[in-house]
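In the two complexes that follow, subunit A is the common piece, with subunit B as its partner first and subunit C second.
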Partner chain A sequence: MSNDALVLLALWLLPLASAILIFAFGPMLRRSAGVIGSGAVLVPFALTWVLAASALGTGGLKVHLFDWIAGFSFGLWLDPLSLLWTLIITGVGGLIHVYAIGYMWSDRAIARFFAYMNFFVFAMLTLVLSDNFVGLLVGWGLVGLASYFLIGFWFFKPSAVAAAMKAFVINVVGDAGLMFAVFVLFAATGSTAYADVFAKAATLAPATVLLACIAIFIGCAAKSAQIPLHTWLPDAMEGPTPVSALIHAATMVTAGVYLVARCAPLWDVSPEARALVGTIGALTALVGAILGIAQWDIKRILAYSTMSQIGYMIMGVGVGAYQAGILHFFTHAFFKAQLFLAAGIVIHALHDEQDLRKMGGLGKKMPLAFWAMTIGTLAIIGFPPFSGFFSKDAVIYGALERGYPLLSLIGVVTAGITAYYMCRMLFVTFLGNNRGNVPDVDLGIPAREHSEPHFGESAPAWVMGAPVAILMVPSVVAGWVVFGGRWNALFASDFAPKPESALATVLPEWLVGVVVLAFVAWGVAAAYHRYGSFDATVSAVERLRAESQRMAQPLVRAFYFDDALEALFVRPARAVGSAFMRVVDPHVIDGVVRDVVWLAGWIGREVRALQTGLVRGYALVLALGAAAFLAYFALIGASR
Partner chain B sequence: MIAALVVLPIAAGLALYLVPRSAELTAKWLGVLVAFACFVIAVLGNGQPDESLRWLQRPFTANLHVGLGGLGYWIVLLLALSTCCALVALRIPRQRDFVAQMLLLLGAMSGVFVARDLLVFALFWDLMLIPVFLMLVAWAPRRNTATAWRYLVYNLSGGLALLLATAAYGVVEGSTDVIGLSVGHGATAIGAVWGTWIFAGYAFGFLVKTPVWPFHTWMPDTYADLPPPAVAVVSAVQSKAGLYGFLVVTAPLLPDQMRAATTLMFVLGLVGLVYGALVALVQDDAKRIVAYSSLSHLGLILLAAFSGNPVALAGAAVYIVAHGLFSAGLFIVLGQVEEREETRLLSRLGGLGEIEPKLAGALHIMVLAALGLPGLCGFAGEILILTGLYQAGAVWPTAIALVPIILAAAYMLRLFQHFMHGPPREDIPQRPDLRPVELLALAPLVVAIVLLGVYPGPVANSGVVAGPNAVVSLAIGARR
Partner chain C sequence: MPSTLTIPWGNADWNAILPLGVVALTPLLVILADLLLPRSLRRSVVLALAALGLIYAGFLAARGWGHPYSAFGGGFVTGGFTIVFQEIVIAGALFSLLLATHLGRDDQAGGAVALLLWSASGAMLMAGAANLMTIFLGLELLSLALYCLCGLAARPSAREAALKYLILSSTASGFMLYGMALLFGATGSVQLSAFAAPAASPMLFTLGSGLFLIGFVFKLSLAPFHIWTPDVYEGAPLPVTAFMSVVTKAGALAVLARFAYAALPQANAQAILVPLWIVAALSMIVGNVGALAQTDVKRLLAYSGTAQLGYVVAALAGTTSLGLRYAIFYLVAYMFMNLGAFAVVALLSREHEEGSHLSAYAGLGYRQPVLAALMTFFLLALAGLPPTAGFTGKLLILASSVDAGYAWLAVILIVGTAISAYAYLKIVLAMYARGAGAPLQRALHPASALPWLGVAICAIATFVLTFYPLAPSDVLPLVK
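For the complex of A and B:
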């Protein structure tokens, strides 16, 4: 095995080793678990750079591990695509680990937390480094598990437990979809390795490819919170904020984007799959943004914005603008992590208060959080020259270029809505007067259970501050990688060159960019008018109460997705199960069994005058009969 | 040496009654020692030459013929391991008698999986019912023996069918010393009529034993009433006897009949798969949840057995061992919970994770393996089986079979969360966490669950034999 291969193995397994170590010795380690855990992510980050050269070389870096049976071979593969994801997972992941040392400082279970976080990083690396679908599926399932562990980290809270369960089950739906894709592809190609499958992609029947793409995309939709399988993501905010930043914003939820990009050879030969995935992505972007307007919980707003932004990415890779979708993943990882971490600073300082209505005027008290949130907001709404500007425009124009003008239009409208709800969050949180002492009723907040605030000792402020400060830099500049065409050249070998559509020749990229900016300006202005202006901040309490009470029902119920899933699947399954348990098993099946026994008994009574009336009597006869039968053969044998 | 797998535990089990009743600890560790010895013997005996004694000449030839290899080897290992772990992990009143019965069960079940003669197979098939029956009687909750009789009558009916089929096979073919012969042996000699009846006899015995829907109604009661160590072994291994029967015994001997029964078995397997999962979703008794989940999981193996696809059969071998590992683990951990909290009802428990984190961790691993978490053994079996089913052209059955996989996540997590999560409850005893010896008992199972999940190669490659008529069977090593 070459040195590079050993380095790749080491960086893959290091987080796992650390997770096991921390789990085994957790009570002894306490807070030093955080240091070990962070190191176990940052060292792989450094190691990844060592491998960059061979990853970018022809064919990337491949390591074969072992085979189960023929067609099920396992190995690692570092190519430009997986390299990018690995760098984000370990780089942004490492920063979030450091931040979490401060965030979880006074939690008794801090060691368990870092064991789970390291385990997540290992699982995510498995997902992106695998060179075949089954290994991918293993990573896919394990990130779901890590997510479940961390959503339910505070497992004494019933709401956290329910959210964890929901996230896991919906993700298993996705796993099942992905499994089906494995079946289809294995039956068609006799292999589960990417290389074998993609080599034959062009020769497969179109229906087969479409079926495989749909099945793969069910997996992507569940993991990346695309409609209608998105409902777990807002609830997943029950987990500690660093978890939301790492798993439910920067990395795991983008796995669907990775997979569609990885399976580009399949999508390239199936226009129907392209249209489907692009449409779902665009709709998710729109729905997420609309629902973001109606939230009061700072983390739920960010959750819906994540859903919406991943919608953009999926739209990008779906329509075939792979580089654009991946670029949006790249920039989003920085600014969304930063937004979450800044929100975490606020939540931490307010002792777990997450309701916007109880905030206000925090800009002066928490300048770092304010500036981080402002930069993050500017990036996410696509304000030039912040990173989101380049990537979002690339996706919107990419859709146009590929001949999907309608999706492009949805993207433009969504950009405006995004600007509105993000600025709403920013203004309500940081401007005006603090409303922390205003009673809930006056703000229109329905009765709620207050979790007990934990006033433990705090970590030094820089532990949480430094990662946020560092992330500000790429939030601004990450988009600049597009200059000089280097970004597109990076993936040139992976993705087929793009065909230009007629519309793209008429509408130049700068014009589309201006239109997007106009929508964004409209969104910012509207938010400023309602929440940011002097009038709005002075009358904030009345305005917020009125808005809380008058919120439209479809928005409050999040377009009834949860209710629909409940009514269509959960309740019928329970009802049928109950019917089987209460009626079919005891009365139908056992009824027949009793009839047979009764018949046997009846024959017995008719044939033999002697009857005991006891079941055990018949059983005894049966046993004796069997014994006699055996004895007969045994005797014959003996007499030979 | 291979015969020692049968003789040693039975002799030790009987000899244990000579030990004084009060020497509970001695009895327990003697039992563990014997089970461990069986494990070692199995490892050493794998692939060793068969052992055979002449038995019958008339009306047909039958020999006391035993051998070890292939799938049988893995099941015997699983049997010794799960017995060992179950005995170490749990305490039972009247320990001496209990350990003696467990050893008798170990010997009888080993007999089923090492038998190379149909008559020997049938003999041990009935023999393995007796210790279970006696345990159901002697350790019956509330002294209610109805479950015991139900178990015995139902399974003896199956055993009788199997015995009659064996006799008929012997008379028609002239010899019953045929297990492990190449595929298609006797396919020409047995006429259609005899073949059908013989197959029906075997199939009835196998279906009841597994059990397959709709022959399952004895099982939830039996699993609920059996003491935890016994149910761990019974669900891990005894439930595999029927599937082993299809895969190893009837598939090579009666390929035409296997093929003819495919549709029926697919329907039964699929119905059981979905039915078991749906009922598991609403049960309140944790042992019954696992019992119904078994009904569901074993339905999947039944599909594989009749798929005639090598990948699915490799998956069946993996899943048989995998299901044994996690169901033994699940019942052992449920036993440990019941030992502490004196109940296993979901509605009565909650928040145990806070006070008993090790117990929670153990249950978590078992639950995750059972719901088919990728990376653990259940998944390895499932994906191979389903890939094979799809490849064999059974597209819709494969799609339907994915539904119970989703349901499994729901019912298994429901079980776990009701036990371990939520606010701690005041109305249940606060007992100490797992002791080191109890952890030690679970460690081998956990290691095996992970190893088999990551690298199922050895079990998957233990031998798939293709035969005529596209019937495929699993190998149990060459007959020597």
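For the complex of A and C:
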């Protein structure tokens, strides 16, 4: 094996080794687990740079690990696409690990936390580095598992456990879709390696490709919180904030973007799949942004904004503007991580208070959080020259270029709404007077359970401050890669050349940019008028109460997605389940037997005598089964 | 002129059944030892003798590899297929003995071990049985010993389990015997190999096949014929439950596979076997849904066994040669992950109280981190997550059923797997949840080195098999 291959292997396995180490020696390590855990992510970050040159070379860096059975061989593949993801996972991930040392400082289970976090990083690296669909599937499943553990990390909170369960359930739906896609592709091409499958993509039947694309996208939609499978993401905010930043903002939830970009050769030959994925992405962007308006929980606002921004990315890669979608992933990772970490500082300082209405006037008390949040907000709303401006613009214009003007328009409108709800959050949190001592009732906050805030000694401020400060730099400048230079090579993956639509020749990119900016300006101005101006801050308590009480029902119920899923799947499943249970479980079967017995009029007094009754019931089931068997055999026997 | 009576078989025939002869005769030594030795020594000597007998039989059986032979006028065939199943039976029996080191009463040990070995010899006979007589002989030898074993434990549920098993199993045997009679009537032969010829009465033949299949579907506890399993597993002593969950299944599967692959006439084999695939599909759903509601780990494993055997039978769909290899691979994988889980239950058990209720697992992750981690591993394997043999096995079964044109079975398998994740995860959650009720402070039994050995072997095998899907390729030609 070449040196590069060994380095790649090392950077892939280091987080796993560290996770095992921390898990095994956790009680002894306590806080030093955080240092080890962070190191096990930052060292791979450095190692990734070592490999950048060979990854950007022709064909990327390939490491063949072992052959399994025919058609299944395992290997790692570092090409520009996976290089970009690896850099973000280890770079942003490393910073979040450092931050988490401070955030989890007084948590007794800090070692377990870092073991899970490192395990997640390993799983995510497996997902992006695998050179075949089976490895991808393994990584895909493992990140889901890690996410499940981390959302439910505070298992003493029932809401956290429920959220973890929900995330798991929806992700299993996605996993099943993806697994099905892999089988379709394997059946059609006889291989699971990306290279083999994509080489044959153009020769496959269009229906097969479409089926595979749809099945893949079910996986992507579940993992990346696209409608209608997005409902788990806001709930996932029950996890510790570093988890939200790493898994539910910067990395795992963008796995769907990665996968669509990775499977570009499939999407390139299926226009229907393109239209479907692009549309879902655009709708998700819009729905997420609208729901962001109605939230009071600072992390839920960020969650909906994540959903909305991933909608942009999916729209980008869906319509074929791969570079644009990936660029938006790149910039989003920085500014969204920064927003979450800044929110974490606020939440931490307020002892787990997450409701905007109880905040206000924090700008002076927490200057770092304020500036970080401001820069992050400017970046996410696409204010030039902050990073989000370039990438969002690229996605919107990319959709236009490829002949999807309607999606482009949705993107423009969404940009305006994004500006509104993000500025709302910023202004309500940091401007005006502090409302921490105003009673809940006066602010229109419904009765809620107060969890015991865990006071404890705090980490030195720089532990949490430094990562936030560092992230500010890329939040501003990351978008500048569009001007060219060495960084641009990261986005130089082999994608099909872009076609120019008729509309794009008429509308130049700068004009679209100006239109977007006009919408953004409108959003900022509206938010300022309602929440930021002097009048608004003076009467904040009354205004917030009024708004809480008059919030439109569809927004409060998040457009009834949860209710629809509940009515469509959960309730029928429960009904079928309980009916089924009566048939399946012997302890319940006696009831069924009684029904049957009653129907047939064979009533006997001793039916209630449990044991004999059970045996009789079992024999009845056997006899019925045998009768069904025999009916079938009599039929085929007679037909011969 | 008086015809001379010649015995139509010789040394080669006796050699063919030597392995199972050893397993069937070892109990005589076991009983003798049980009678003569002082109480304190009994259990260990008896277990050691039985283990030695099994291992020796394993060697003898392995020696026959590559020497297919049809013994006793076609009543018993040996060779690759038979040997694979015999080794599975022997391994399953050995693991069950490992679990018996501290469970049950000392004075019952001799009798119980003897019965267990006789039962195992029945399964070994089924592995090679090639006519209806030997099949029935093997099956009854297997079952009769088990009826007694099920009733061994001192709790009332044990006797109830034994009685239920006896009644229901006899019913199933009745169906099967009737089926055998019809098969004989239709073909005029008891030899499986004679069934391929066109039957005199197709109607009788198909009906006979159907009744015959019912008997084995019952033994494999596939839904809806699984109904007896949870109660019997719950009531029987833990080592016996472990034994039933593997050895009975291996024996029944061997007969079923031989019947499906080698006996049925090619023309209507697929039509006759359709109910089998439906039953497999039902099992995958019913087994996993049933497992969801259980709070007793033995009951849960009973339902899970139904689902797992559903996967195995699904691999046979379309009776492709690859399918049979994958079914065998999955059976082996199932043996390890399932017995691993049983061994953990054994480690948590006391002499008269089995650690199978879910409450025994609350907070186990903190009291016994290694044990809990291993249990998690086995459960994840049963759920089919990587990196475990369960994952590999399921992948192979999916591939083969899609290949054979049974994509709907593959879809049901995926759905079943998704459901099963919850059932298994419930135990994992219980082990790692803190503060859910007062955790039982229970130390491990001191004399538990041997179950640990079982746990270790199962864990290693479950892990290693992930990467080496051993599926003996020369099994198939030897089915007949």
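Quick notes on this one:
Everything below uses one rule, namely that the second predicted complex is superposed on the first by the 572 of 640 C-alpha atoms of A that agree within 3 Å, B and C clash if a C-alpha of one lies under 4 Å from a C-alpha of the other, contacts with A are read in each partner's own complex, and residues count from 1 in each chain.
Assume a contact is a pair of C-beta atoms (placed from the backbone, for glycine too) under 8 Å apart; a residue touches a chain by one contact, two chains touch by 3 or more.
Keep in mind the model is a prediction, meaning the values are calculated, not measured.
In the overlay built on the shared chain, the residue A:Pro158 is in contact with subunit B alone; subunit C does not reach it. When the two structures are aligned on the shared chain, A:Ala187 is found in touch with subunit B and with subunit C. By the touch criterion defined above, A:Val138 lies against subunit B and subunit C together after alignment on the C-alpha atoms of chain A. Using the contact criterion defined above for the overlaid structures, shared-chain residue A:Pro439 touches neither subunit B nor subunit C, since it reaches no partner. Judged by the number of subunit A residues each one touches, B leads among subunit B and subunit C. Applying the stated contact rule after C-alpha superposition, one finds that A:Met179 touches each of subunit B and subunit C. Residue overlap on subunit A between the subunit B contacts of one complex and the subunit C contacts of the other covers 66, 68-69, 134, 138, 141-142, 145, 155-156, 172-173, 175-176, 179-180, 183, 186-187, 577, 580-581, 584-586, 589, 615, 618-619, 622, 625-626, 629-630, 633, 636-637, 640.
Within the complex, the subunit B residues that touch subunit A are 55-59, 62, 119, 123, 126, 149, 152-154, 156-157, 159-160, 163, 167, 214, 216-217, 220, 275, 278-283, 311, 314, 351, 353-354, 368, 371, 373-375, 379-380, 382-384, 386-387, 389-391, 398-399, 402-403, 405-407, 409-410, 413-414, 417, 420-424, 455-457, 460-461. Listing the residues of subunit A that touch subunit C in their complex gives 66, 68-69, 134, 138, 141-142, 145, 155-156, 172-173, 175-176, 179-180, 183, 186-187, 577, 580-581, 583-586, 589, 611, 614-615, 618-619, 621-622, 624-626, 628-630, 632-634, 636-638, 640.
On subunit A, the positions that touch subunit B within their shared complex are 66-69, 71-72, 134, 137-142, 145, 152, 155-156, 158, 161, 164-165, 168-169, 172-173, 175-176, 179-180, 182-184, 186-187, 573-574, 576-578, 580-581, 584-586, 589-590, 592-593, 597, 615-616, 618-619, 622-623, 625-626, 629-630, 633, 636-637, 640. Those residues of subunit C that touch subunit A in the complex are listed here as 160, 163-164, 167-168, 171-172, 175, 202-207, 209-211, 213-214, 218, 223-225, 227-228, 230-231, 268, 271-272, 274-275, 286, 289-290, 292-293, 385-387, 395-396, 398-399, 402-403, 410-411, 414-415, 418, 421, 433-435, 467, 469.
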